[in-house]
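Common to both upcoming complexes is chain A, partnered first by chain B, then by chain C.
Here is the complex of A and B:
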């Protein structure tokens, strides 16, 4: 053995040049593997990276499209959007409000339902699971159609129910706050199923023995939930918070057709602003808005990560 | 008896009767809650179906009806499918309804989604297999790049992407924007990699390699048949996503004949915003959703498990 190692180290170190050549030879040997993974990279370069780079140039220009020349305007598109756009501030506030509404309520709701579905020896688990997941097949367009009748202030089901139990009907799609709640309700109905399934999958992956051990140590159900379940769900929570944030910022079809951004632009979203800029052939500003939205998402994700990390460390210290 | 099973296993001997009475009540409450939730989740579907079977006037009565007073009517379906009698068309007041070719829109949507599924499932399985079972220089780095793109919000390059596709490539009023840019996707590659690495043993691949099979043969003859279940899950997720797409369709498709069903319903809703023709909108929505519901119920088990497993391994 020792001899073998000695003789190996006696071999002169390969020159950097030949190491490169060896790498290239290795890569050539695996050319089929690169071929198999190449489609993603090719389309990502053409339809992802290239538009992004070109879009940056575009965001610094005024360009109404077609054969007309691009006119360099520097940062004016960004400055204009951030300081004097009549709708962007509103869209930003609305999106943040809805995010603040939907993330906590949506995730808490999905988690509670998943925990209920995870109760041992539950009859009909599969049926409930499937029913809650069913809205997954509906499109934003169709959900908006169904909910606009559902929430209609005069002919809708929700107000009928409220009247039946003796409450005042709510002008759902007419008043600002109820309209925002309407959009939130719609998104809950549409998206909870997937979240419930993901949580349920994560819950079922937790070892039952952990709970049994905790029970022997005298922990009650609440303690087990907050000390075992929640900490083990952190990666899933993180994943869901980030995807929900990105998804919500892309919110378009549902609001366009349910409230059309109204009343008084109180459900107008960031993505709606972008679509309206495209419709108005204001492509330079549209491209700039894309980068602004990207920056917003970056900042939100960063804040979320910080908050979650603080919460985790505090929790961790409490446990110790 | 089984429904009275306690929430947590009662410890033998210790206050068994009291614990099981308490948890029996808990069980009943649990089922009640789950059933109420199920009704809430199902009710919009019900109101959509029942609304499509009612004459328009009934939908604008002082309160909504659980059942059409004069029995279910198929007029809205007939109008959309262009099999209504001239009298019915006359009565509906929609003389221009025959300008809309609803079956064609369903066909268009299926065509877009079907081709997208074929392409995405094939190329994502190819790449997923390579990342799951092969070793090559820069493999982990390249995979990380793919994963990182998942965090890239579509909004960032949406405007230049649209311009590239619609004017530079001239793909306006074609279906290519739904097929080519998403030929292979980060999500699909990730999913297939997870499925393949957890179901296909290395030995099968190794022995096939020793037998001199090419990588392409291994993927198409060995991996794909074994991975049919996983491919179905990815296929359904893709199909539903593309079938329900609206934002890009709205920008790309302007020729009436090329419309998708979502685009038709959205335009129809927007055009009648003051007094929506809910009977027709609901009938259209039901017909648009039926293909997805069939797929959903046929593959329900696989689909649910596929979505659930995403989290554990992710």
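Here is the complex of A and C:
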């Protein structure tokens, strides 16, 4: 063994130069393949990488817009935002709170509905699936406008219904907690369809024999759900948690239209703050906040990955 | 004269009407309006960065003119405006001037007055307003109208935004308040007691619970107007254009409105009005047809015909030869008679020339915005002491304005 190691280490390692040459030779050999995949990379470079690098440079600069040059200010934009922005703290707390309750409740709701739709003998499953998916294909702008009318304190249908059944009307869009509930309802209504479809697809891919075997072994429905269904949904769940997290931290249009961040900035999000900075001619700070939001997403996603990767094994046992 | 003018603005716009009239006079010119509202800033910024694509004409708020003017992206129309300087309302011209040069054609002057429905006052058994009605008496009348006629004499939504902001803006202006000095460098918001007293006056209206609680421009807002649930409102002249689009029959209030000067705030009887909105017509340095642009600006706000067209829509053009002779003849269907123009003329005479809408004005958000939301409603609800709230609000304006001015350099 020692001899083998010795002889392996005796083989001269290729110099960096020759490695590059080797790579270029390989690329030339597969030049037609590279030619076919190049359009994606060219488009990605122009519309993905370049704007990101440009935006990062902007976040470190002062720029009055137009065609004037950027002036390097180092980390000043980041420091100014993190130390003295009068609205960033509130926007951060709001965004995290919304993430904290919309993410679990949304996924739990979608999972429950998907499990119900997955019942073998359910008739009209296609119809239900279409109904749940419809909100997703409806314009978010229209949905927000319709919701704002449904939830109007005096004239909205929801309050009219509450009054009909003898309940007090709720100031849905004008008091902090009801406004946050309104945003939650809107996002659940819009987002559940896709989540249900993805869960349903994953549920249908689970081998029925596993449930049958568990049944023979005496497992009840709850045990089957937590010990078979949930663990086997882990990859899908992980994907959905991460994409939903990214979507919720970047929450903008629906809230802008439904509550405009109010009342008293209680639904004002990080993304709204970023857009307000940009609209207010503060491009450098807007870009810096964009990267701060990106960093927040990265950190949260990393934590989620670390936690979820270790929580469930395929056998369904909790492990940490 | 030949050329194509592209205008970006919201639907139902006075500049669109002016464009149609301008095309008739100049067959070689085409005027196209692109309906753009919320995404205007984004699109303009993209065009400015790209070096082309910005509209030839834009309708900007006063603080936007100041910010864009400082950035050097607006077409310099100094020579044109200076020709007419003496014929234009001075208070409005100041808003188009940046560092001594004009970067926009002074557009809509917007002195607020109080609009009322005399039939609703009568229904509530409230006497017609005396010309010098005091604010306290106005609120007493508003409570009676609410109780007796189920109608409101002012708008005060639970969100505190839109037209509700006038309950603060009007006393702030009347009492000599200012967000900043003319340069926009020094924040004056908490100097003197105008802001504190203005918040106190607004709180009196809030506590009276007699305002219309509806979000501005929402369907319930228009519904309330048409059903007579709004019997009065502080309002700028440009609201007439929007009102007339909605209020089209006598049953919904057409021809039933009147207007008076806003109530007297103690110590604020010299300037019983205020400005809200009131945009300025600008172009960008990118325009390929600067001469046509200038001709259009001149026609729209420095000729009798152009001023008439925009005034027929509902705004008040700043051209004095027109204002002093033709304002009284403007086509309108909202008010019972033409006495509203007397009120408007009176309000024009009460406007301040020392009220500045520098970039800081936008930052402060006294006409609504995140900083307003942060402080105003908590003060209304008694959750935040008014003096302390105004001080904190001013500190935030200072910090935000410094960053904004820095980024405009």
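As a convention for this text, the second predicted complex is superposed on the first by the 277 of 320 C-alpha atoms of A that agree within 3 Å, B and C clash if a C-alpha of one lies under 4 Å from a C-alpha of the other, contacts with A are read in each partner's own complex, and residues count from 1 in each chain.
The definition used in the following text is that a contact is a pair of C-beta atoms (placed from the backbone, for glycine too) under 8 Å apart; a residue touches a chain by one contact, two chains touch by 3 or more.
All figures in this text were calculated on a predicted structure; none of them were measured in a lab.
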Fit or clash - chain C, chain B, common chain A: clash
Touching partner for A:261 - first (chain B), second (chain C), both, neither: second
First, second, both or neither for A:219, with chain B first and chain C second: neither
Which of chain B and chain C A:237 touches, first, second, both or neither: neither
Chain B versus chain C as contact partner of A:146, first or second or both or neither: first
Chain B versus chain C as contact partner of A:47, first or second or both or neither: first
Partner chain(s) touched by A:99 [first = chain B, second = chain C, both, neither]: neither
Chain A: partner with more touched residues, chain B or chain C: B
First, second, both or neither for A:171, with chain B first and chain C second: second
Chain B versus chain C as contact partner of A:155, first or second or both or neither: both
Which superposed partner A:86 touches (first chain B, second chain C, both, neither): second
Set intersection of chain A contacts, chain C complex versus chain B complex: 65-66, 148-149, 154-155, 260, 278, 283
Of all residues in chain A, those that touch chain C in their complex: 62-68, 80, 84, 86-87, 90, 148-149, 152-155, 171, 173-175, 260-265, 268, 273, 276, 278-285
Contact footprint of chain B on chain A as seen in their complex: 23, 26-27, 30, 32-34, 36-37, 39-41, 43-44, 46-48, 50-52, 54-55, 58, 65-66, 113, 116-117, 119-124, 126-150, 154-157, 160, 163, 189, 193-194, 197-202, 204-205, 215, 221, 235-236, 239, 242, 246, 249-250, 252-253, 256-257, 260, 270-271, 274-275, 277-278, 283, 286-287, 289-291, 293-294, 297, 301
Touching residues (chain side chain C, partner chain A) in the complex: 41-42, 45, 48-49, 51, 67, 70-73, 157-161, 213-215, 218-220, 223, 359, 362-363, 370-371, 373-374, 377-378, 396, 399-400, 403-404, 406-409
Chain B residues within the chain A interface of the complex: 2-3, 5, 7-9, 30-31, 33-34, 37-38, 40-45, 47-48, 51, 59-64, 123, 126-127, 129-131, 134, 136-137, 142, 146, 149, 151-165, 167, 180-186, 189, 214-216, 219, 240, 243-244, 246-247, 250-251, 262, 265-266, 269-270, 273, 276, 278, 281-282, 285, 288-289, 292-293, 295-296, 300-301, 303-304, 307-312, 314
